[in-house]
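To start, the structure itself, in structure tokens.
Naming follows writing order (A, B, C, D, E and F), and every chain is counted from residue 1.
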Amino acid sequence: MTAFDTGFPSVRQIQSFIKNKTPIEIGLMTNKTLEGVVKWQDQNCLSLVTTSQEKILVWIQAIAYIRYR
Amino acid sequence: MTAFDTGFPSVRQIQSFIKNKTPIEIGLMTNKTLEGVVKWQDQNCLSLVTTSQEKILVWIQAIAYIRYR
Amino acid sequence: MTAFDTGFPSVRQIQSFIKNKTPIEIGLMTNKTLEGVVKWQDQNCLSLVTTSQEKILVWIQAIAYIRYR
Amino acid sequence: MTAFDTGFPSVRQIQSFIKNKTPIEIGLMTNKTLEGVVKWQDQNCLSLVTTSQEKILVWIQAIAYIRYR
Amino acid sequence: MTAFDTGFPSVRQIQSFIKNKTPIEIGLMTNKTLEGVVKWQDQNCLSLVTTSQEKILVWIQAIAYIRYR
Amino acid sequence: MTAFDTGFPSVRQIQSFIKNKTPIEIGLMTNKTLEGVVKWQDQNCLSLVTTSQEKILVWIQAIAYIRYR
């Protein structure tokens, strides 16, 4: 679960990924990575559409980092 | 434990998996994956019936992602 | 720690394992598994007696899933 | 952090390990194990004296299970 | 999520990394390390610019340690 | 995050490490270990100076145990 307040820079940063359809790489706590574009976010999850058009619900508890340009 | 409010898109997304019997793949924080259909969800767990009809109580704390079509 | 409310299906599911002495397999976040019967549960732990009659206090924080018939 | 209420069976179970100097094996989330006797417990930690008389402060957040006779 | 109070030494320490553009090494819970300079922090994340000018949003939940000079 | 109350034995134990400059070994959840002396503690972190005089901010969420003499 994350502190979900649109006043937080981290929540606004993800909001900008959604708005600008920024391609991102999510590094998971399992050392796997997922690449794609974020559709929406809430307290628990990010909804990601991958580069191969797969739909993935990513739990925020599992996120180590997001790399972006 | 998860923020369990049916107003959240992530909770509603899982509700739709239940209603539509959507086949899903759960990626665990252990790097294992489980495939099946969700029967119910609550604050702590998802109840999954696997493709080989096994019953598995999956702790939401252990979920990294859910992949679905 | 878990949301421990006997109104939750997950807590009631474990209550039924206890009542019916259901043999279960606990998959831990460490990728180890433990097999046995649950004696009691609380906010923090499950008390398990294994198939080889060992007593194990299992922390709910370490549980990824429970497989049962 | 753990729900630390002496009304919980899990907290009382550890209290009995302390009182009876029960030799225990702690399985950590790192897959390491520690063996010894518990001196005290609080919200965050167990204080363990190992079989080789080493003093170890074990964080409850890192505990997967405790095996005991 | 972290206890985010500018009264805490740990939050002030990171504030000083930001102000002084201190080069740091972040050790993640996945055993990976990230090197760079912190741009901002909030309850959930640190914003890092790496030595190769990549932008990385690092979740505080994934941080094991920060090494610095 | 940790329950940070100087009434807790675990917080007082660390306070004594600081006061007495006790050499400690921190076992992390990543199976790495760090050796050194604790300078200060708060809700989120311990500040460690290693045996090779490096400064490390250690997140309490990443600590499995502390070994000490």
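The criterion applied here is as follows: a residue touches a chain if its C-beta (ideal position, glycine included) is under 8 Å from a C-beta of that chain, and two chains touch if they have at least 3 such contacts.
None of these values were measured; they are calculated from a predicted model.
Student: Can you list every chain that touches chain D and also touches chain F?
Tutor: Both-contact set = empty.
Student: Using C-alpha centroids, which chain lies at the maximum separation from chain A?
Tutor: It is D.
Student: As a multiple of 5 degrees, what angle does the CA superposition of chain D onto its copy chain E give?
Tutor: My answer is 120 degrees for the C-alpha fit.
Student: Which integer distance in Å separates the CA centroid of chain C from that of chain E?
Tutor: Once rounded, the distance between the two centres reads 37 Å.
Student: Between chain C and chain F, what distance separates the C-alpha centroids? Give it in angstrom.
Tutor: 32
Student: Would you kindly tell me how far, in whole Å, the mean C-alpha position of chain B lies from that of chain A?
Tutor: Each chain's C-alpha centroid was found; their separation is 19 Å.
Student: Find every residue in chain A that makes contact with two or more other chains and list them.
Tutor: Residue numbers touching two or more other chains: 1, 29-31, 61.
Student: Looking at which chains touch, is this a line, ring, star, complete or other?
Tutor: The chain contacts form a single closed ring, each chain touching exactly two others.
Student: Since the chains close into one ring, what order do they take if you set off from chain B toward chain C?
Tutor: So, from chain B then chain C onward, the ring reads B, C, D, F, E, A.
Student: In their complex, what parts of chain C are in touch with chain D?
Tutor: Touching chain D: residues 1, 4, 28-32, 34, 40, 42-45, 47, 54-59, 61-62 of chain C.
Student: Quick one: in the complex, what on chain E touches chain F?
Tutor: 1-3, 5, 8-11, 13, 27, 29-31, 60-61, 63-69
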